[in-house]
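For reference, the structure I am asking about is given below.
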Amino acid sequence: MALNTIEFECKSAAPAALVGKPLHFGVVGSGDLEVLMEPKALKGAVAVKVVTPVSGFDELWRRVLATFVENSKLGDVSIEINDNNATPAVVMLRLRQALSEAAA
Amino acid sequence: METMEDMETLLGQGRQAIGLIFDPDSFTENKVGAKTFDDPDFGPGAVVGTAELDGKPVTVIANDADAFNEKFPVVYAGVIGMEEAYKMAQAVYATVAADAAKPKAEKQAIVLVVDTPGNGPGKTEEIFGMNKATGAYQLALAEARIAGHPIVAMVIGRAISGAFLCHGLQADQILSLDAKFGTMIHVMPLTSISRIVKKDIEVLEKLAEGNPVFAAGPQFFYRLGGVEEIVPTIEAMRATVIAHVAEVRGRKANGEDDTLGPWGRGALGAERGGRTVRPEVIALLEKELDAVASKYLPGAA
Amino acid sequence: MSNWSALQNRSFLESNARARAVGLVDEGSFTEFVGPFDRRTSPHLEVLGEAVEFDDGIVTGIGKIGKTPVFMISQEGRFIGGAVGEVGGAKMVGALKAARAFAEKIAKDFPKAKEEEKPIVVISFETGGVRLHEANAGLLAHAEVMDQFQRCRGIVPVVSVIGSKVGCFGGMGFVAAAADVVVMSEFGRLGLTGPEVIEQEMGKEEFDSADRGLVFRTTGGRHKYIMGDCNFLVDDTIAAFRKQLAELGKTPRAKFAEFRRIGSPELVEKQLKRVALAAEMQPKDARDVWAKAGNADPAALGNAPLDDFRKAVKRLTV
Amino acid sequence: MTKQRKWDNLATDTAERMAAADRFIGKGKEVQSGDVVALLEAVIRPGDRVNIEGNNQKQADFLADCLNQVDKGKVHDLHMVQSCVPLASHLDLFESGIAKKLDFAFGGPQAGRVAKFIREGKIELGAIHTYLELFGRYFLDLTPKVSLICAYEADREGNLYTGFNTEDTPVIVEATKFRQGIVIAQVNKIVDKIPRIDIPAGWIDAVVQSPKPFFIEPLFTRDPALITDPQILLAMLALKGVYAEYNVASMNHGIGFLTSAIELMLPTYGAELGLKGKCCTHMILNPHPTMIPAIEEGWVDTIHCFGGELGMEKYVAARPDVFFIGPDGTLRSNRAFAQTAGHYAVDMFIGGTLQIDPYGNSSTATANRVAGFGGAPNMGCDPKGRRHSTEAWLKCGQELPCMKDQIGAMPRGKRLVVQGIETFGEGRAPAFVEELDAWKLAKNANLELPPVMIYGDDVTHIITEEGIAYLCRCGDMETRSAAIRAVAGYTDIGLKAKPEETRRLRDAKIVRTPEDLGVDRNRASRDLLSAKSMQELVTWSGGLYEPPARFRNW
């Protein structure tokens, strides 16, 4: 019953250090999530930690995050997500919004 | 006559409990300090007055589970309605006013005899603001407590959620009859919690063994510091209340107010291992404020 | 346009707790305490396998409006309905305690401080009260907050702000009422018992919780303004709330007692007159009370644009 | 000598029944509400085809309740032919045996019971229709003998005012009365003078003032406060990738949040794209409150309505240049005509769905609910009888690579049928599935066919957060399925997409991502909504819109 924690790394083909300082985005509403992004020297990789009440979607999380990291060319960042059953569409939207917050 | 040994519960018997706790025949209802409550139809669910406890006068505030407030029909079975809550607040303020000139050590004690299932859940209550009534009573109790009046709550029956917040949780110390007498302290019964948080009751019961934060019952509140002492028998009630009034008075005299009231129960909760995160969070917040406080002081840029 | 500037014209109702906290104070002035990066999630939710939030649903911090230091507590309704548990409760208690200590420090170290340089506490409520997953700890935290409110009296004013979706109910309903000042928008709701529970207790004929018009007439900002339970009824923008808070920041601290509705024997007597009126009227609908307050056409008043409402409304004087 | 054949059996039968009912019918055809059960027992015979009026909105609920109270010895085994069965009382008839057979179009809230009753044999199912199909059969082989209809008001002679919510009344009455059937009306009020005559008294046999006004539900009201960011992204894609791409002038909008978002974004994002005056000028829809900002901004020339919408009465009456308004100044809706326009005249249908299979078949069916079709398939299809041309229709037809395989070089257009859907729905249920739940439903409810809302060959565009699949640009099934895979995101179907194939489809503009279309995902926020709350809709309407109480938050 305890919360499910998924941890993995992914790496873009051409990673860039896009997150200069720690940022937080989002609210853990129903079907939504919050994300912390913090710069971290990972040789271009992105460390992901997802905490979610839903189990059985580990592979989905990996794919969504890998796509996000590849498309955004994000690197050297630690990403932590508290999820409450967000769909991949929402996950992608929130991650992009978080990143655009970093650029602002 | 029923003897104490025969009684299995005091649930719904606030008036009888007054007789058991205070000096025999010492209770004068509807008189506190200079204030009298002359209208018998006003706030009938609240019993207020003055009694003697071990020879000393105390203010008594209790629930009457047999009363029905005709003006506000949601008030029955010990429910605290608008009139009841304000009546209780008046009793507290009257106690404070009577002792205004007295030194801290001589402030009259207030004993709350707690057996209430809730606050008035009606339309009229919401239109006129039931929340103010219970809020007013809590502020009055907190004011009296901070002014030095020892306040002890004795849970004899039901101490449920918002009604317990208003009638009980502002006391210096809270005592509860053992659960075997049918005492109930909770926000919701575990069955309801199970339904709302969508977890099996068996799972919750199992979890409650290790973590007292959600389960119903005085024993769980004890582990969280929410109840100072569980009173094992009905006979022991009187002596325990006497002892705690004295203890509270002693601590106040020694300037140990921080060990009493809601704040003191926080520390007790940590001590008993029930609420360990709370002090860490408060300390962290204070530390983080300290680091930036100078920026917010007068004259800072 | 910076994020902060963009926030000002945002709907307060639509904003999240952090946006409200940041937007209500001056640009760049907000420092968050026990924020997301401290990762103080609720251990109790975790055990139950429930989603957690890094701030446990409550944003606490300090900012400034002009020269006024503002201790901010902002509840997040989208996270478990804004319900209060051990961590969130401790954050509220800690912030109130810290505000009091801060105010005492200013009184001691800066005897010549101007009124507007003295702190205020602002609490944006969005909650149904106790979080059932950690009900006992949540309940005990409520009592602590109330105790802190009383301890803040005369030292640092506490302002309740209610303009959120969830409103402010349950145990937090009496906490909010116990503040010095209550500021609401017409979308805010303040009460004790939620509409569903009233329906359950009284029956659908008496109170249909699906009738949101009725629900808002009973506990919404317009009604609370007529009743005097809310002191100021502002537009639904962060800027409008902020403007009201800025004015309060400049208000002499001694004046705050005049805003109160409860907290003294005299105020209890005043409220009891209202209770007597309730008993006498036995209102079927809040509109009966609006009419009693001297509003000839309560239905039209409820429908009128907020500006017209504020101009035309007569508030209950009993 | 040949035997004289009798040619007026229907009329004779009706006359006999009416004679039996005579004692209940007073002046102006008025029947007391307490006599209605007896009246129904007098005029209805076992096995009759009976219609109870009721659609999405107004319901002849009192008459339905009365029909449930008839003596089952006298009235039983009825064949119900009616648009919808949304009330519990509609199904109770089958529970008790008063009714036996059902031909209908839409199940609504009773969809679960419909499925169960079919399975248990309590309902003998004729067929599930679309509205126009069922209306057509009213004039062919499913003409009601007795129709129980509803109206707002009747006058002292029995003329009816159906007004704002005229909906199905004319088609039911016309079919019934002109086959010598019996029409009984429940009205909210009998008055001296009605605003206008919608149904003449001569077509009505009995009128009863019901004890309570008829039940009516604000089904087409979507609270802007509930529109989410992903829905806004889909709406941006629709506006840029379909509305602007084809200059779609006329259309029907479904009732979901996606189309509400589109409506609310016309004055913002739509205006930015320069679509005003080109798109959404002619619409077939109910008076959606979320249309108010676009109407106020002058986008819309004409709206014809299937039915009304609670709270929109005053607003609609005050915009007679846009809506169809009677001489009395109030709206007249008419489902049969609006459906006809929706089927033949509009360029596009756009709406949400629940599931899409690899072939593009689109269904809102779940395994245990017979929800029916309503009107969506009439609009969500390519009308083969259409002969007039418009820019959007022609362009869509020209894009169809397989047209020449069917009709050679002959130019022909095609209706745009657009399905918008997030790849995962509630509870992370995938929207793209190998097999539609409609198959399971067919099995569970003993249906002859899986109930498919929109067949794959009619769907021209699928919009998801991944982009748009332009199915009208696909020449064969393999390409269609590949295009569907490419926008199916992280569903099992979507995971089958091959990157190089998707690349090719994008190059061919068969699949276009938000980036391909120049849609900035980061702008997909509620800031794009011209009204974010019910109250803002009221403000836009100048106080004319009066939202039902359940939608108020002030």
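By letter and in written order, the chains are A, B, C and D; residue numbering begins at 1 in each of them.
Here is the rule we go by: a residue touches a chain if its C-beta (ideal position, glycine included) is under 8 Å from a C-beta of that chain, and two chains touch if they have at least 3 such contacts.
Computed from a predicted structure; not experimentally measured.
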item	value
Chain nearest the overall C-alpha centroid of the shown protein atoms	C
Pair sharing more residue contacts (C-beta pairs) when A-D is set against A-C	A-C
Centre-of-Cα separation between chain D and chain A, whole angstrom	41
Chain A and chain B: spacing of chain centres that average the CA atoms, whole Å	47
Rounded Å distance, chain A centre to chain C centre (Cα mean)	34
Euclidean distance of C-alpha centroids - chain B vs chain D, Å	58
For chain D, residues that touch 2 or more chains besides their own	none
Where chain B touches two or more other chains, by residue	199
Sites on chain C at which at least two other chains make contact	47-48, 50
Pairs of chains found to touch, sorted by chain label	A-C, A-D, B-C, C-D
Contacting residues of chain C [partner chain B, same complex]	31, 33-34, 38, 40, 42-44, 47-48, 50, 60, 62, 64, 67, 69, 86-87, 89-91, 93-95, 97-98, 102, 105-106, 109-110, 113-114, 117, 119, 129-130, 132-144, 146-147, 149-151, 170-171, 173-178, 190-193, 197-198, 201-202, 206-207, 218-219, 223-224, 227, 229, 261-265, 267-268, 271-272, 274-275, 277-279, 282-283, 286, 289
Contact footprint of chain C on chain B as seen in their complex	71-72, 74, 82-83, 86, 89-90, 93-94, 97, 119, 121-136, 138-140, 142-143, 146, 161-162, 164-166, 169-170, 186-188, 193, 196-197, 199, 207, 211-215, 220-221, 224-226, 261-263, 265-266, 269, 274-275, 277-279, 281-282, 284-286, 288-289, 292-293, 295-299
Chain D residues touching chain C - in the complex, by the definition given at the top	225, 526, 532-533, 539, 543, 546, 549-554
Chain D-touching residues of chain A, taken from the complex the two chains share	54, 57, 60, 63-64, 85, 87-90, 92-93, 96-97, 100
Residue numbers on chain C that touch chain A, as the complex places them	3, 16-17, 35-37, 41, 45-54, 76, 78-79
